[in-house]
């Protein structure tokens, strides 16, 4: 079997965070792949939801995005924002929100709106459902590439709130539990119960601590003992490569 | 052709109040019959709505009530309260609300909740959608039997507001235009633009003014000239007797 | 079935998905009576045979309804009698105000504004009664317009009778749905009774018809004729003879017990009830015409 | 068609029913551009090719959107460029907050509370920008919980592309519906573009699938491939080649005009556009597989 790709470690780590029976609002790309992997292994009773109004889809072809008909193939319910984002997410019954991001800072605040490369302002897709998910899901998992500029001390635009200013969610007037994990191609990060700041949870095999610290823009809390992120099992790799994303649309590059 | 029944004059008078293209929320019984008559004659573009979530039904069998599957046969849309009562009525696009009543008073207030026969309190069906329709429709038409006790100075229970206390609707904080017509087996009544009190609009052929006044519990304003209520045409009678209510489920007695 | 109903504690707030004589959760109502639940709070848009029976059997301590009717078969005698004798706490609302309260609950909003109820005796009575804490005048923060704020309604358990579901609880409802969707999604727990159970593949053929997705549903009970003697569009018509018989009994306080003993306490489960209510031959005559749906 | 679009005044607030590269009202967008409308206010949950084109053609003075994307084909370059150059008033919302604002409009409520947007820079920018009058902190009258109040959104004209409608405007939408229903019912006027027109008898066979009833619809336009190059579930897939070609042009301010001249201003109507975009043979290849729906 060919070498394990970072993306495969990332989606496996994401899948392992999801429990059977949970309701999960997933974004397009690696989050959705991780969700399908969990459902195909330890969490058959998982219910993935798409903000556009889809429950429990079982695509056979890999979609190019959230508006691609391929993604809602074999769903058990088609509704709309009002049902998924209103009657599930705002109702408070979504266990996990699974998102991608342009930038995430030490308090788990997410930017999906703009970038300031070399002082030049560039706009991207904005929130769509991202802010709603980050505000209302019981916990939020972000999956993204590990780069210094993508993990700054403070995001260049606070699109979706984490522990803003290091404050507790209730204090912020937010119902959802907030950021739980940042999963990158180098490591898995979590958040300190006390100061709500990012802490290292595990390093991917072959990645050393210095590498992670050098490529993290914010001060990362590091525990005395840092475990290794479990590698995907052979069965998980088979599912990813032959069933879930055979064309490597998402696993090909880091989303 | 057999003698014209009071109920036939009532539903014809009701039908004549409805314009083509209007959206009408109808109650069960004579209102619904009047609506179907209008649709079958001068108002083919009329859209009847039922509070339970039905648009444009075309029943072929006469239903026993709002929950009878017969009434929503051949509808073009099945939804629920939220669409019909929320997104149509509360949205402010319902032209006419067409209701029955236990009691209606001089200001068009409606009672469908209780009666006090000989001091004994007896409860009936309550509001269901009645209060909502009376509060929100652009105008309200009530169709009922003409009896002194059913047309009191003040209703024994104000279930659905008309011009409460003779006050203007805006003053009451209500959006809908309020009561427009009371159609009985003896006459058609309207409401004074100034004092919002019931006024006589027309007498049914063969009914004299004294009879009406003697059987009206509230002081009824009478104009100098009182026209006769137009009788149903031969075609209207044919439709009522042979197509709309052939078994005389509703036309048999006064609803 | 009886295990599911056994999980409903006395004093619970239950919401019923029936309307007058259509799609009543009779299976559930009968079992609640057999298990002699007490002090139930019942909410429903327009009450029918279902809630009338619960009140007649003395299970209900508080009613939150928009109206009640058995259509042409008569009024909800047990409920009206209870109001007349003041034997339970009674909250009289309207179809839309209850639908809005369920909607707020379903959306996770603690309140919702409305422009009906205003200037009515319904509101006055609510303000004087047990509903006093659930209505409050308020202004729109933008226009200043006066609204009546309603508190969200979030039942402990909602019961709904549907035509079709799969084993996971994905539900289709044919015909009008009154407040079914908002009520079901407002509840903390949702239990479904279905006339027909289909494979999930069938649900996947027309997912746009799924009104309640399976992940919202705690239990699915398969019970053909589960709403008898009320009607289920597309499946069977109401049982006019049985409804007349019911009203004959419900009319008088002293006779409703007879009905309950004969048809509910005197039967172990729904199949036995159906036997006593006339059995297969009788039920066959109620089956809906596939084209008409009744 | 062109008569219908002619009734849209300059400066009107129009709402579009598309999402990214799905069910965009391209027929309408092209005609708005041909008629050179000005100063339009456009609202939409997640903008796609539709709104990107309107902005690229310079028809838009104000945008009210929750996000924008052409999925993997790229960002909405014209919209993003307009933000960067500040050439239009821009309101950045979210999927749910816009859906709630349309819902309030559809229900005749002047406001609705929400628990998202809070503590975000999206809210800060709205409060500093043209959306300042549409958000306001408020307390629940019952629980005291803090909400953000949103004003209702009631577009002057809403345009939605659906798979199926009858001549009266009764509409079916297959696949997910994002905010289509709330947006359509919030609008003062509603215009529908349908891939297929069916007889009313067909609508009457499954009335539970009617998402928008005919009496809400002012006009129905029949236009097969009316959403090309975006996808319509069950009818055809997105046109990947054409989307790539579009992005090649939209990427640079100086090239978008070329696309608009060639495919929109250079064509009289949608059939001519379809011819230029590859014609029948090309379109046939996009037709959806009846089982897959794409």
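Observations on the model:
Order as written gives the chain letters A, B, C and D; numbering starts at 1 within each chain.
Just so it is clear, contacts are C-beta pairs under 8 Å (C-beta built on N, C-alpha and C of every residue); 3 or more make two chains touch, one makes a residue touch a chain.
Since this is a predicted model, take the numbers as computed values, not measurements.
Annotation: A-D is the more contact-rich of the chain pairs B-D and A-D, by number of C-beta pairs in contact. Computed from the mean C-alpha positions, the centre of chain C lies at a distance of 39 Å from the centre of chain D. The centroid of the Cα atoms in chain A and the matching centroid in chain B are 58 Å apart. We define each chain's centre as the mean of its Cα atoms; on that basis chain A and chain D are separated by 28 Å.
Listed for chain C are residues 108-109, 115, 174-175, 208, each touching two or more other chains. Chain contacts: chain B has residues 72, 78-79, 86, 90, 136, 175 touching two or more partner chains.
If you draw each protein chain as a dot and join the dots that touch, the picture is not a line, a loop, a star, or fully joined; it has some other shape. Under the contact rule defined at the top, the touching pairs of chains are A-C, A-D, B-C, B-D, C-D.
Those residues of chain B that touch chain C in the complex are listed here as 28, 50-54, 61, 64-70, 72-73, 78-82, 85-86, 89-90, 113, 121-132, 135-136, 157-161, 164, 172-175.
Of all the residues in chain B, the ones that touch chain D in their complex are 23, 47, 55-56, 72, 74-79, 83, 86-87, 90-93, 136, 175. Across the complex, chain B is touched by residues 106-109, 166, 168, 170, 185, 200, 203-204, 207-208, 210, 213-216 of chain D.
Across the complex, chain C meets chain B through its residues 19-22, 45-46, 48, 65-69, 71-73, 75-76, 79-80, 83-84, 92-97, 99-100, 103, 114-122, 146, 174-182, 230-231, 233-234, 237-238, 288, 292-294.
Those residues of chain D that touch chain C in the complex are listed here as 108-113, 115, 133-134, 136, 138, 140-143, 145, 147, 149, 151, 172-175, 208-209.
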